[in-house]
Structures are given as structure tokens and as C-alpha cells.
Amino acid sequence: MMDKQQTQEFIAKRVALELNDGDLVNLGIGLPTLVANFVPEDREVYFQSENGFIGLGPVPAEDAVDPCIVNAGAMPVTILPGGSFFDSGMSFGIIRGGHVDTTVLGALQVAENGDIANYMIPGKMVPGMGGAMDLLSGAKKVIVAMEHTAKGNHKLLKECTLPLTAINAVDMIITEMGVIEVTPVGFVLIEQNPDFSIDEIKAATGAELIISESLKPMV
Amino acid sequence: MNKLISMEEAVNLVRDGDTVMVGGFLGVGTPERLIDALIEKGVKDLTLICNDTAFVDRGVGKMVVAKMFKKIMTSHIGTNKETGRQMLEGETEVELIPQGTLVEQIRAGGYGLGGVLTKTGLGTEVEKGKLTINIDGQTYLLEKPIRANVALLFAERADEKGNLTFHGATRNFNTYMGTAADISIVEAQEIVKVGEINPDDVVVPGIFVTHIIDGGAL
Amino acid sequence: MMDKQQTQEFIAKRVALELNDGDLVNLGIGLPTLVANFVPEDREVYFQSENGFIGLGPVPAEDAVDPCIVNAGAMPVTILPGGSFFDSGMSFGIIRGGHVDTTVLGALQVAENGDIANYMIPGKMVPGMGGAMDLLSGAKKVIVAMEHTAKGNHKLLKECTLPLTAINAVDMIITEMGVIEVTPVGFVLIEQNPDFSIDEIKAATGAELIISESLKPMV
Amino acid sequence: MNKLISMEEAVNLVRDGDTVMVGGFLGVGTPERLIDALIEKGVKDLTLICNDTAFVDRGVGKMVVAKMFKKIMTSHIGTNKETGRQMLEGETEVELIPQGTLVEQIRAGGYGLGGVLTKTGLGTEVEKGKLTINIDGQTYLLEKPIRANVALLFAERADEKGNLTFHGATRNFNTYMGTAADISIVEAQEIVKVGEINPDDVVVPGIFVTHIIDGGAL
């Protein structure tokens, strides 16, 4: 049994395999941020930070922090050689114009038609959508990276019950249990973490889960 | 045509009830000293237009704590618990706007466009009460231009004509807000003589800058 | 009697008096370009060139020509200290957003309601509108600077007969005969070149010409 | 991921019938050597999207003379008599578009917007056959996004990742055309190593540049 950190890293590692050489990628806050640590060495992936740059690099040493170079969560980062800074107009032109190949986001709920809810719980937690609605409508491929359930409650559902962040937006969901494609016929499990049985994964999913004929083990 | 003014002159340009645009992304690229001076003066009933409400001790977040806003138009309030509290308790009206839509609405306000046609927000709460338009079989949401009385901006360098340059991720909304406000006040880390910024390097032309204040180093 | 060049300079000189200290001004090709030579010394006026800069300066010496610094007519110019270069997106944002205080343009025809035709004669001369339609819809004040008639034919009309460049756009017309404001009640002569009689000016105008009660001599 | 290609490889990326966007304003900021190579190859039936048609011996004007276009979308043809002749004699279709509208349409095509809402062109021939929309009592013309197969661009400097910088009035349409084309080819006066352009100084990020060719000095 993996602890929270191990689970998150296991998911992030699998997400990283979805990124192709030359891709422009935007990672959400939290678990998705970890994906940058696991990009295969034979691939060059460019990370965009929606606060205004491409070429997001590793966290700097404490004495090398530049207060003007932070990620979209305001944490100090670096910019790699070949990177560029720009304003929010261009940053969201990149996002909304379909120039981001893949975005990786967390979610509160995902529906079998690709609807996603991840920006508010009415009357309780209302952080706002930030750039998430733009990323969901603009990125070529949307991957949701998250734990399969929340304290035992379903997050993969027939229909979302929380306010939507976008409709028909999610292409793939990667959890500690498996890799699920969101298709016109619903959720299709294409990879299974062998630590979980099909029945366990089905039970943890609040909608029909179709098992791919070419189901593979999740690496 | 001297654009350089004192902090005292600057705060007197912001009046109770004004709509203010403030540059910055989680406080990075925000005119902190100007904000401190406005808090000290105690302006009130402002409408804020800003990417986010930063943190309780940073950027516009400090103005939220000082209860200077009657309304906040922003994409994100999750890093400032006081904004959430004021919203949930009905003290402050908060309108949540997708980040990319917000910057385009400001650009439209400054560039004379009638609105923004976007897919962002379709099928969500953001769509409510708004017009959708079908263009060649695709549906787009019509988002209207936004303007303000005053823009409070930050830059790395300004020359005396108000031409601006930036460093790092501080541009964010600072480039467009000055186009969409009746007056704009820029807190620059450094003010240089006319001619010291190469015309090829200017990011925001001085025509979008009404006043400059010397903010000093970060 | 002024020759062609004297007439044009007389008009340009009068137009220059309309420019205020600190104004951002866009000058069209031809006669309007001359206006820059006559700005009163006590006023600092900024000239925008719609091909992408503010701070249009004088023509350079032949050995100082930079092929990348030309005006909107592709003629070599200079940029003044404090100027800035930008792309066409920003250039027309400046124009369409109402940030140009005054534009000075030539015209083929102007109607008494402010309609203007200056970009084509169907089947004959079709240069295209370039940035003229944007300037006419966006600039705060539109001044038409032109000779009062074309080979004896009226250019100030009740209605334009050529394809319009913009509707209700012109604020003021400055010719060798006088200065005319375009008002809700039509053309109003506010300044008269004493070399022409009121009757002469009326005869040269193809619409009603109201004479201002505070008519002044044109300087 | 080497973006540097030869002139021969570049011209082979442009195919008969393609829609091409070409940077430049009366030839200033136009990739002249790439144009010469395309003329030599003899590509035909192209649709041109460009600010203007320059001069008979300069910029895209040379392509007009070589009769490479079946359609031209532009704001101005007055400096190239051959364009006017081809239009009046029905050899080439010419669509005249206001300059500010054209650049916004290209930006909309590249930035995923549904269209442009503008007052420019209202009440003129430009309005014909187009939708107008009333927004809060104001009428705006709806102009649609424009995209192309290939963008042919010019820059002062490019690094190997395609990050671009510019000098003088050469930016014009070069900054947005690469966002709205399937591929973009940039003729740079100088090509430098990655890291030689400060990230603060980049005007067009390399993600909008598919290929680079070494144009040499002007």
C-alpha cells in the first residue's frame, strides 16, 4: 500500500509518459506539478507557466531566488535557456489558441462525457477558476491526474454534481488505479495497476467502466 | 509633460468609489508601495479588477484585509482566505472570471473592440446571463469589454515619457491595463532619462502611462 | 495666387495649430505629412506611424538611412528619443482604442454629415483603405486636409457619391479657402482665408455652407 | 528538434494552392530571400494574406508580378500597379480589408477567438454580407478569424529554438502570423545559440516558429 506521497508520485510518473518530445505542456498546481520531475530523458518537453513564461525550470537554490521568477503558484522557480517571458494576453493566446499540447489538472469530479468540476464547492470552498477554464477549452489534450476517490467517495461519475469548470473537456484520467480514456461511449480502462482488481476499480468508479480489449498493466 | 509624481499626489488620484485595475499575479508585478500608501490614506468602496487577490500580507490582498473593496472582479481568490470570508458572508461582491477572458476583456476595453468571443466558460456558471453567438457552426460566449477609472501598475524600468520594460513574470496584466483606464499610475523600480531605453526594447509605450512614481528596488 | 506647393503648405500650417501639447497624432500620406513641419515650438506633439512606432522623427541624412525605420509610405525616417516600436496589433489597438488624439487625412469627398470617401474610385483607382478606416473610426478628432475642389469639381458635398471610407467620421475640414467644422447641422465656416470671398467659398462647396457668427480670418 | 532548414527545404513546404501569410509592411519586415526562392521554384494558385502588396520589385509584390496568387487578402494595393491591373482585369481576386481588422482577424485565428467585433468598416463596402451585432446600444461588425497553411516571416534574430527579436518597424504582422498558420518559416538576419537571447527580450516565443532559415544581413 502506497502512502499519499508515493501515490502522487506513481500517478505523476505515469502522466509523464504521455508527454511527447517537443510538446508544450501546462501543469496545474499540486499533484500535476510533480509530473515535471518524471519526464523521460529522451524527450524534451517545454513547460508553460500561465503567469507568463515558457521554459519553467527547477526550483533555485535559496540564495539564487529571483522574486520576479515564480510559477503560477507563486513559488520560486527558474527559467531555462531558450525560454521566454510574456504577458497574460499572449499567455492565454497560447492556451486558448490550441498551442498547448497537453494540460494536466486535478479535479473534484469528472463525468463520463468529459465534463469536469474542479474550481468550487458552493458555500464552502470557492477558490475560483484561475486559468483552468481557459486550459480546459484550449489545450489539445486534457489529462486529469488525481486519486481515484476522495475519502471513499466517487470522483468519476455519470454526471458531475458540482459546478462545472468545462464541458466535454477531459481526454484521459490517470489515477493510482489505472489509466482511463474518456471516449464517446464513456470511461474506458486501458491500463490497470495490478495492485487493484478490476472489481475494485469498478467499485471505485461512479459510472460504467468499460474494460479495453487491449488492457495493459500500468507501469 | 512631467509624468513623475510623488506618492502623495498618486494616492490623491484614486477616489472613493473608483474602479481600479491593479497589475500583478499573486502579488508578483504589483505596485506594493502604492498599495501601502492607498491603505494608509484609507480609500473605500472601490471596485477591484485584478488577476487574483494575492495573499493577506501581499499585493491587493492587503487592500482586501483593509476592506477597501465593495466589488472584486478576479479569476482566483483561493490564496486569500479573507476574500473568501467576505464573499461568503456577503460583505463584498465577488465576480469570478476566467483568467484568459479577463485579460481579453481588458484588452478589448483598451483597444476599442466590442467584446470577446470565446469558448472558455461555455456550459458553466460563467455563461449565465450572457449572450452566445453561433459563428460557422461553432458556439462562442460574448464577453464584454472592461474599463476602469485608474490602473495601478508595476514596471522594472520607466523612462520619463513612461515607456516601460519588465523583468521575469511581472508583465501579466501590466501591459494592457494602462490601455483601458482613464489614468494609469506606474510604480517603477527604476526611472531613467528619455533615450536610455532603446525603442526596440519598449514593452509598453509611454502613451499608456499617465503618471510614474519612483518605487525603488524590490 | 498660391502655387500647388504653397497651397499645401498653407493648409498644413493651419492644421498644425489644431494640435495640442502632448497630443498623439497620426498623419496620412501626402499633404497631411507636411503638417509635422509646422508644429508650433511651444508644443510637444507625438507622431504615430501605423507601421509600428511612436516618435516619428525627421528624414535622415542619406548615409544614415536605416532600412528598418521607414514611415507608413516606406520613406526613410528616424525615431526620436523616447519613441517605441511595436507590432501592427498594438499599432491598431492604439488607433482603434481612441488613443490617437488627432488624425489628419486627405479625402476625395466629404459629406455634410461627416461621411468621407478617400480609398477608391470604382473601376479606376482602387488603392485600398490601408489603415484609413481604422483611423476614421478610432481617432478622437478627424481633420481632413485637402484642396477645396478637384479641378473645379466639388469635394464638399451633401452626400458622397464614391464608396465611403467611414460614416459620420469627419470633425473638421481645412482647405486653402477656410476652416470648416462638421456639425450636426452641417458644414460651418469658422475661418475664412481673406484671399477668397464668402461667395467664392460657397460656390466651391457642394452643400449648404453655414457662416459662423464668430467667423475669423484664417491665419 | 532542429528548426534550422535550408532554403530548398523551406520552399518545398509551400505547395500549390496553399494559403500563405507573409509578414511585412510595404516590404519592410518581409523574408525577401525566401520569396525569391519561391518565385524561382514557381509555386502557383496561392492565396496571399499580407498587409499590402508592396512594390513590383520588392516583397510580395514580386510574387504578384510572377502571377503566383489566385486570391489576395490585403489592406492596400496602391503601391503595386500590377495588383490593380490583375484585379481590374479579373485575373486575380482581391479582397480589401482594413489594416487593423486584418491583424485582429489573424490574432483571433491564432488565439482561438471566435471573431473580432469592431466599428471599423461600418456603413462601408466592408460591411456587405457580414453580421452586425448590437452590444449595449452600440453596433459592431463581426469579422471572422483568419488562418493559413504557411506563414512566411522575417526577424532580426532567431535562436535555435525559434525565439525572435526585431529591430525598427519590421514587427508589423510578423508577431501574430506564426500563431495562425499550420507551419511558420522565419527568415532571420542572424541565428544565435540557445541562451543568447535573454528571456526578457523575446518578442515572439519559439513555439510559434516551426522552421528557421538563415537569411543573412539585409
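Chains: A, B, C and D, in written order; residue numbering restarts at 1 for each.
The criterion applied here is as follows: a residue touches a chain if its C-beta (ideal position, glycine included) is under 8 Å from a C-beta of that chain, and two chains touch if they have at least 3 such contacts.
Just so you know, these numbers come straight off a predicted model, no measurement behind them.
Common partners of subunit C and subunit D, by the touch rule above, are B. Of all chains, A has its CA centroid at the greatest distance from the CA centroid of subunit C.
Between subunit B and subunit C the centroid-to-centroid distance comes to 35 Å (mean Cα coordinates, whole Å). Averaging Cα coordinates per chain places subunit B and subunit D 32 Å apart. Spacing of subunit A relative to subunit C, judged by their CA centroids, is 56 angstrom.
Among the residues of subunit A, those touching two or more other chains are numbered 53, 79, 85-86, 92, 96, 137-138.
Looking at subunit D, one finds that residues 104, 107, 112-113, 118-119, 166-168, 200 touch two or more other chains. The list of touching chain pairs reads A-B, A-D, B-C, B-D, C-D.
Considering their complex, residues 1, 107, 110-113, 159-161, 163, 179, 194-195, 199-200, 202, 205-208 of subunit D touch subunit A.
On the side of subunit B, the complex with subunit A involves touching residues 25-29, 51-52, 55, 74-79, 84, 87-88, 94, 96, 98-101, 103-104, 107, 118-126, 156, 166-176, 203, 218.
Considering their complex, residues 21-22, 24, 44, 46, 53-55, 79, 81-86, 90, 92-94, 96-99, 137-138 of subunit C touch subunit B.
By the touch rule above, subunit C contacts subunit D in their complex via residues 49-53, 66-70, 72-74, 79, 85-89, 91-92, 95-96, 115, 120, 123, 125-134, 137-138, 163-168.
On the side of subunit D, the complex with subunit B involves touching residues 104, 108, 112-119, 133, 135-136, 138, 140, 142, 144, 165-168, 200-201.
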